[in-house]
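Both complexes shown next keep chain A, but they swap its partner, so chain B is in the first and chain C is in the second.
Coming up: the complex of A and B.
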């Protein structure tokens, strides 16, 4: 049970000042030129007022689009290898939505599956999340179908739910309590607030456990190639996704040295599974689209005991041809194997 | 005849195997939609923004058989350009255009050329203004503008995937023996990708703007190829997609070329 407090709108100034004084970078949604992005801020008035979500997800903070893993110099008979150290700065993510906050667990499942990834972990350790509940939604949202909700606490260290005059603040973890301790007077004890009444209404779009149970039998269904006919095979969905974790390892080198980089990759690309022989086990866009669905709703639950989707809808919003994920999952739920 | 009626007729007669148009999508947007039966044709609408010509080179779409598609002038230009570049056979597609509320079939390249001859190419005012603003900048200012914009690029390739003229099965970006262009989305990787794409589209870009529309992070990336295309038009008086015959400035050699460096 979380400790419940009230935080007035005016007190955010002092909270941001306290976080900055503590040496923490604050990343929050900003809105300029029609773009909704996560950017460093120092004052609450820099935070977007009426945003739904940022276009890109917060995964960048722990899994950047490009990251150096090592570098080396070479001369005849000699190679000097230098391990890269993670560039992790104390960071507070302010204002991300409960769906995105819950997505860090899906990334964690992969980055700490067998090998503990020091880059991911260093950043995650330095990260605190002050989530903000959703008072509204759009047609792409389906968090409630995948175990989340507009006021779900998973992944947030403090969850703020907007209410008249400020926020209902749930302090959920040690990291959250550490933030509270920076400005204890701002958090006023409260009780009797009807949190549910403050949240957006997100009806459950489909029966996810039933869908997950059915997917193995749907593997050869023509549904996937039918759904993916309009897919153009870009990586927008994967790159904006808060849980998509596939990466490529690239070596950039010349005669004197080089560096090894990790970069985002996408299973939607036609070369993603292309073998050196020329054979491609996922030769059509239908097979690649199916992989995207199955990885999130079948393989992830099987391997990690959790879903690889948080229902944020970023993929749907970013898709140039409106491959609406929720709609396709609803359709799959209604098909008989 | 209206679109749905025409689509049904074409599908039922077996004249085409699929009709590609638009349908209402999330939050009222229009998205591409394939109808492969008369029943599926019920959802089709004419008004959508995308250039549907980008689909005609998809393997999965080619396998469907002969395709009718809803076409705006930019779609038709792309189809002609694809024919000129030997990526599309004249009879494999049947463009449908709207004239006075009626759907008209453009049955061959000549019909497309004639239709387009009556349609002047004009850039949207907003793009024209931004191009002029960029043109009025100093080199340094322009460089700074693009550096800032491209820093947002995540190399998702939505621009390439949405472009009707980016049909290469093996794009230069995907060549790794040697790796011509860095794969990661760092400053150099982003810059080289977009420079290569703009150069490859100079004289071939039909200026539909789909690359810019597709960009999830809102980079006006279409202005790079627009600028290259406008420059080819200014220098050589040619526009991409005017004819199904291959004759465009950047890759056609003529023994009587007035420039001497090439001989």
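Coming up: the complex of A and C.
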């Protein structure tokens, strides 16, 4: 059970100052060229005022676009390996939405379900999340269909819900309490606030558990290739997705040495599964689109007990050919195997 | 930092290079770090990620048997950047190895059974590990039959080992080349692998079949085995989808819900029948 407080708008200045004084980097949505992205800030007036969501996701804070896994020098008959240490700095993510906050658990599932990934873990350990609930939504949003909600607390250490004069603050975790302890006077105990009345109304357009149960029987449905006909395989959906974790490993090297890099990848790319022989197990864009849906809504729940989608809608907003994930899921829900 | 770097390979020195067939080489690899060597074990069927430093990593099976200590072997065909980088290496050069990864051939469960190995072309290496493992535990098993075919005599890999198996009284080797692939002095069979299997007419009774080869060979061999009475539970194969991590994270090797790197690479036909053909 979270401890409930009120935080006045004016007190954010002191909170940001306390976080900065504690040596933490604050990343928050800032606005430039008509879009919001996460950037380092030190004052609340730098934070975007009227953003729905950032275009890119917060996953880059724990899973960079490109990162070094190791480096080496070499000469004939000799290789010297150098382990890489992730550059993890104490970071507070301020203002990400509940959908995105909940996505860290989906990343964590992949990075640690069996072998533990030290690069991800080092960054996650240094990360605290001050989420901000959604008072509005757009047509791409469908968090309520996938177990989330505009005021869901999962993944936030502190969740702020905007209200008159400031925020309702729910302090949810030890990391949240550590932040509170930096400026305890700012958090005024409260009770009786009707949080639900402060939140956007996000309709639930499809029955996700029913869809997940049905997907194995829909594998050979023509639906997937039909839906994928528009797809240009650009991978934008994967890059903006807060849960997409599939990666490539590449070499950047010359004869004297080099480094091995991990980089974001996308199941939408033809080369993602291409064998050296030329054979490709997912030869068509339809097979690749199906993989995207099944990974998130069938394989993920079966293996990790959670979905690989948080309903944030970033993919839909980013898609250059207007593929709408929610509409496609609604359509799949209506097809009979 | 409590977690080790799971992407950091072992350094391996190339102890021996065998030219098997045009473009196909076998490396014998020894651990540079002796402590790592003595702590390291694997079971037959497992695979690894092999590094050509400067070019990257590729996935191959471990082609040697766990009963042969002190080294591992891999056999690869030069087809892309990494295998070209590996092909440039010489004895004494250093390559990287991560592994072992994946599941295993359950040879303990096969005690007292007949073993039928069926392989085509460059797909003998994964079965070669099992073959030597089982030959080194010969008392465990009844009859051991190996059907191996390649396009031509030149394309047969492990030629000296084929000769050794041919000469062993406790192994029945049926070596074949595709029609037109024979040489004047070829004394083996001529014909496609499925036909040779059918002619050999192996009994399915108390027999495990291991099949590995190009998709067309597997596709045409499975009906033959079914006709002979082999059940899907008694037929094993090993898949080799593209991988980057080998440890269940990079997201590309799955066939349906099954991750080849974690749930495989070894599957029975009964298991594969439950999965979509994304391999």
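Throughout what follows, the second predicted complex is superposed on the first by the 337 of 337 C-alpha atoms of A that agree within 3 Å, B and C clash if a C-alpha of one lies under 4 Å from a C-alpha of the other, contacts with A are read in each partner's own complex, and residues count from 1 in each chain.
Everything below uses one rule, namely that contacts are C-beta pairs under 8 Å (C-beta built on N, C-alpha and C of every residue); 3 or more make two chains touch, one makes a residue touch a chain.
This structure is a prediction, so every number in the text was calculated from the model and none was measured.
J.: Look at A:178 in the shared chain and tell me whether it touches chain B only, chain C only, both, or neither; answer first, second, both or neither.
T.: Neither: A:178 stays clear of chain B and chain C.
J.: Looking at A:248 after the superposition, I want to know if it touches chain B, chain C, both of them or none. Which is it: first, second, both, neither?
T.: The answer is both, since A:248 touches chain B and chain C.
J.: Of chain B and chain C, which one touches more residues of chain A?
T.: The partner making contact with more of chain A's residues is C.
J.: Could you tell me if A:213 is touching chain B, chain C, both of them or neither one (first, second, both, neither)?
T.: The answer is neither, since A:213 touches no partner chain.
J.: Does the superposition put A:232 against chain B (first), chain C (second), both, or neither?
T.: After superposition on chain A, A:232 lies in contact with chain B alone.
J.: Is A:21 touching the first partner chain B, the second partner chain C, both, or neither of them?
T.: Touch status of A:21: no partner.
J.: Which partner does A:264 reach: the first (chain B), the second (chain C), both, or neither?
T.: first
J.: After the superposition on A, what does A:240 contact: first (chain B), second (chain C), both or neither?
T.: first
J.: Under the stated touch criterion, which partner chain does A:335 make contact with: chain B (first), chain C (second), both, or neither?
T.: So A:335 meets neither chain B nor chain C here.
J.: Quick one: classify A:116 as touching chain B (first), chain C (second), both or neither.
T.: Touch status of A:116: second partner only.
J.: Considering each complex separately, which residues of chain A are in contact with chain B in the first and with chain C in the second?
T.: Looking at chain A, the two contact sets intersect at 248, 250.
J.: Give every residue of chain A touching chain C within the complex, in rising order.
T.: Residues 69-70, 72, 74, 76-79, 81, 83-85, 110-111, 113-118, 121-122, 219-220, 245-251, 253-255, 258, 260, 262, 265, 267, 272-277, 279, 281-282, 287, 291, 294-295, 298-299, 302-303 of chain A touch chain C in their complex.
J.: Which stretch or stretches of chain A touch chain B in the complex?
T.: Residues 33-35, 37, 55-56, 65-66, 138-140, 225, 228-230, 232-236, 238-240, 248, 250, 252, 261, 263-264, 266, 269, 271, 284-286, 316, 318, 320-322, 324, 327 of chain A touch chain B in their complex.
J.: For a test of understanding, state which residues of chain B touch chain A in their complex under the given definition.
T.: Counting only chain B, the residues touching chain A are 25-27, 29, 31-34, 50, 54-55, 58-61, 152, 154-158, 160-162, 174, 182-186, 189, 210, 213-214, 216-218.
J.: Which positions of chain C touch chain A when the two form their complex?
T.: Residues 1-9, 11, 53-58, 79-80, 83, 92-94, 96, 215, 240-242, 244-245, 247-257, 262, 276-279.
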